[in-house]
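Pasting in a structure now, in structure tokens, and then I'll have a few things to ask.
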Amino acid sequence: MSGFFNIFIIPGGLLLIFMLLSLFRLILGPTVPDRIVALDTINTLVVAGMILVGAAYEEVIYIDVAIVYALLSYIGTLYVAKYLEGGSKK
Amino acid sequence: MGTLLTVLYIFLGIGVFFNCLGSVGLLRFPDVYTRLHAATKATTFGSIFTSLAVIVYGFSRWNVTGDSKFRVLALHTIVALICLIITNPTGAHAIARAAHRSGVMPRQAVIDELKEAKLK
Amino acid sequence: MKEMSRIVKTVTNFVYGFIIIFGFYIIAHGHLTPGGGFQGGAVVGSAFALLLVSYGSLNSQKFLKKDILSLFEGFGLILFIVLGFSGLGITFFYNFLANSGGWFGNAAVIGVNPGNMNTGGVIPLMNIAVGLEVLSAFGVIVLTMASAAEFTKKKEKS
Amino acid sequence: MIDFIVTFLLSMLTYLILTASQGEVWGIWSIFEIITGIFLSLVVAFIAKKVLFQKRTYRMLNPLRWVIFLIYLIGPFFWAMTKANIDVAYRVITGKINPGIVKISPGLKTGLGITLLADSITLTPGTLSVDIDEKNNDLYVHWINVTTLKPTTHHICSNFPQWIRRIAE
Amino acid sequence: MSSFVEIIHISTLIMIIIASFLAVVFKKLLPSVIALTVASLLLSLEFYILHAPDVAIAEAGIGAGLTMAIFIFAIRGTR
Amino acid sequence: MKKIIFGIAFLIFFSFLIVSAINMRTFGEPAYSEMDDYFIENAQSETGANNVVTSVVFDYRGFDTLGEATVLFTAVVGVIALFRGVKK
Amino acid sequence: MIGNLPYVAVVIFIGLGIYTLMFKKNLIKIAIGVVLIENGVNLFLITLGYRKGAIAPIYTQAPSGQAMVLPTPQALTLTSIVIGIATTALILSVAMMIYKHYGTLDTDEVRRLKG
């Protein structure tokens, strides 16, 4: 752990608190699209936090997990959007 | 070392500030579309700046120490950032379109041309 | 399932190849970086799911053939068992290629090091076999359940 | 044939960026790594060429377009994004909104152009692309602060369609 | 500075518990599945912090894409 | 009536689980495990792989992976056989 | 400060899953309960192997000179996750076929219709 550990881990912790704020929208949200917006926001914040934590531990190989997460969280959003589109058609 | 620390503090401060605005706006705004404005724009911009801090850190440490692992850190962070920028606005578009088709109308709307086009 | 809007389809065309090359990178570097057959197979299977959701189950028949995928699944399992039997001169699942000097046979540097692709013995080959099996298994599951969902819903309407 | 070669080169470039470490070739890659990369990229090119080149248009192979794209990304796009975020910050803190959905017709024809325009609109001031008319490529845009009821293209996205016409058409 | 890491552990665990509680409590099926996906993705973050990147990649890939896809197919087929 | 009996049984089971969880070892200090230390020490020289988890999965405990692959294959065959009649 | 909170979280996971299995009637809800129990077991295995102040068991470009977390529970968890997705797919397929035959997903209703 070098002297840069604190510089990167404290913003990571702050991002976690913002995630907790977004989770309230998941609890409150009156309709389903509100909840998907909360899911999308949590995904973006988790990717940013993963990059920061990986830089704090100086573990290069951890960044691969962030790439996988950024690519695949988009697929779940598309599936729910597709289901909602089809729901009103009939 | 002093300039590197200053740059890191500035970038991380901007990134954390805009991420905070995104999640606060998600709680404050009245309907889906305005929440999407806050969530997509602010969190994407904030994530760009926190990742830029890591990229600057990696390249400058590689310049100083010559260890190849810091270069790998910077390159992989660039790839993750590109993925984030490509996929995030497209997801927002898909959510907005699905919300309008499933019958969630914008609240306090002045004009809604899409609804009029559907009725025709 | 109908297809999604044009913007999503255009982004899918670019992201699809990228996800597949990234999954193959995870499979092939399983003995150096976090990853391996299971994880890379799951990533490539998710790429098939992305193609299915953005083009619809009718249009994606042009790009994905279910029969070929199920063929590759059996092929992956058989390749894995054959690699296990190959070390039978000593024990089952013996790593007969490690430290032998040939393909995948260099000795690894002891301690923390940047890593060399040409090590690991039989482990990269087993990674490829298991990755082949897992990716085709997930592709077959997603395709089968998509067509079955169409059918049961139609039955309910009539 | 040209689609196969282009897909192969793109996936090879991605693989080389991902595996840059130490080795014999220029001190960055090792030889065995490059052989593995060529083999895997052949497989990917065989799978993904049908998806990437459906319309068989090779307009984006001109390198000048990529240079203009980079200039656009760093210059006007990033500046507009900064303005957008300050605007969003103002609206989050004060809570003043005046929303509405309006229609614009930018006059772009290709799928890539309309995709770039929609993503740019989503990330820039006060606007969010909601739906697209598949026939004549009109965009329906959610605007957070409606000033005129009959907006022109210049109100929504200042001069993005000119840039994108230079890039993608 | 290990106390800060402990704070990160605690808040991640609390978020996972809230999300999985929502997955049980919701009456409709679709919000329940969304809450389950959030729980699965945050579990991947917890694995990442516990120094298990292999498991984190597997959980992210399977929890994000495939579990959501399979549940959506099932809900669509039984509507 | 059935619901009340089930609820009481569930509460008893849950309280046992909570008590056992509180009396576990302290978090972050695992028991001394000779096998894991052997794997960490010798995996690089014996199998030539840098990733210890992969060498455990595919070399030291290959039988587990064989069983897992067989279970996955069987599940896929089950899904296909279940939906065979409803194809068209 | 953290104490045994991860083990308590594991117990809450498993308790929620068993509650869903016992008291909910919908078949897809039951599948959600099974997924929750799987998540709890995975978290338990990883938590058993965690060692404070250690790094991941990978030698590639790691910071040198530190202890490593135990590798065997991670390998077992890796196997468990893939088996979990296979069983979930099978459960949901059976639920879809039950819906096609009986026209409902409620377990009591299915038992009554079967007679």
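Side notes on the structure shown:
Should a chain be cited, it is by its letter among A, B, C, D, E, F and G, assigned in written order, with residues numbered from 1 in that chain.
Following the convention adopted for this analysis, a residue touches a chain if its C-beta (ideal position, glycine included) is under 8 Å from a C-beta of that chain, and two chains touch if they have at least 3 such contacts.
None of these values were measured; they are calculated from a predicted model.
By the document's definition of touch, common neighbours of chain A and chain D comprise B, C. The chain pair C-G and the chain pair F-G differ in C-beta contact count, and the higher one is F-G. Among the other chains, the CA centroid farthest from that of chain D is the one of F. Note on chain placement: the centre of chain B and the centre of chain E lie 21 Å apart, centres being C-alpha means.
Centroids of chain B and chain D (each the mean of its C-alpha atoms) stand 15 Å apart.
The distance from the centre of chain B to the centre of chain G, each centre being the mean of the chain's C-alpha atoms, comes to 31 Å. Averaged C-alpha coordinates put the centre of chain A at 11 Å from the centre of chain B.
Shared contact sites, meaning residues of chain F that touch two or more other chains, fall at 44, 50-51, 53-54, 57, 65, 72, 75-76, 79, 83, 86.
For chain B, residues that reach two or more other chains under the stated contact definition are 24, 36, 40, 44, 68-69, 72, 76, 79, 83, 87, 90, 92-94, 97. Residue positions 18, 21-22, 118-119, 129, 131 of chain D each touch two or more of the other chains. Contact residues of chain A toward chain C in the complex are 61-62, 64-65, 67-68, 71-72, 74-75, 78-79, 81-82, 85-86, 90.
Those residues of chain G that touch chain C in the shared complex are 56, 58-64, 78, 81-82, 85-86, 89, 92-93, 96, 99-100, 103. Chain contact summary for the complex, chain C toward chain G: residues 32-34, 36, 38, 42, 111-115, 134, 137-138, 141, 145, 148-149, 152, 155-156.
In the complex of the two chains, the chain D residues touching chain B come out as 17-18, 20-22, 81-82, 84-85, 88-89, 91-92, 95, 97-103, 118-119, 122-123, 126, 128-131, 133, 140, 142, 144, 146, 149.
Contacts from chain F toward chain G in the complex involve residues 3, 6, 10, 13-14, 17-18, 21-22, 24, 26-30, 33, 35-36, 39-40, 44, 50-53, 56-57, 61, 64-65, 68, 71-72, 75-76, 78-79, 82-83, 86.
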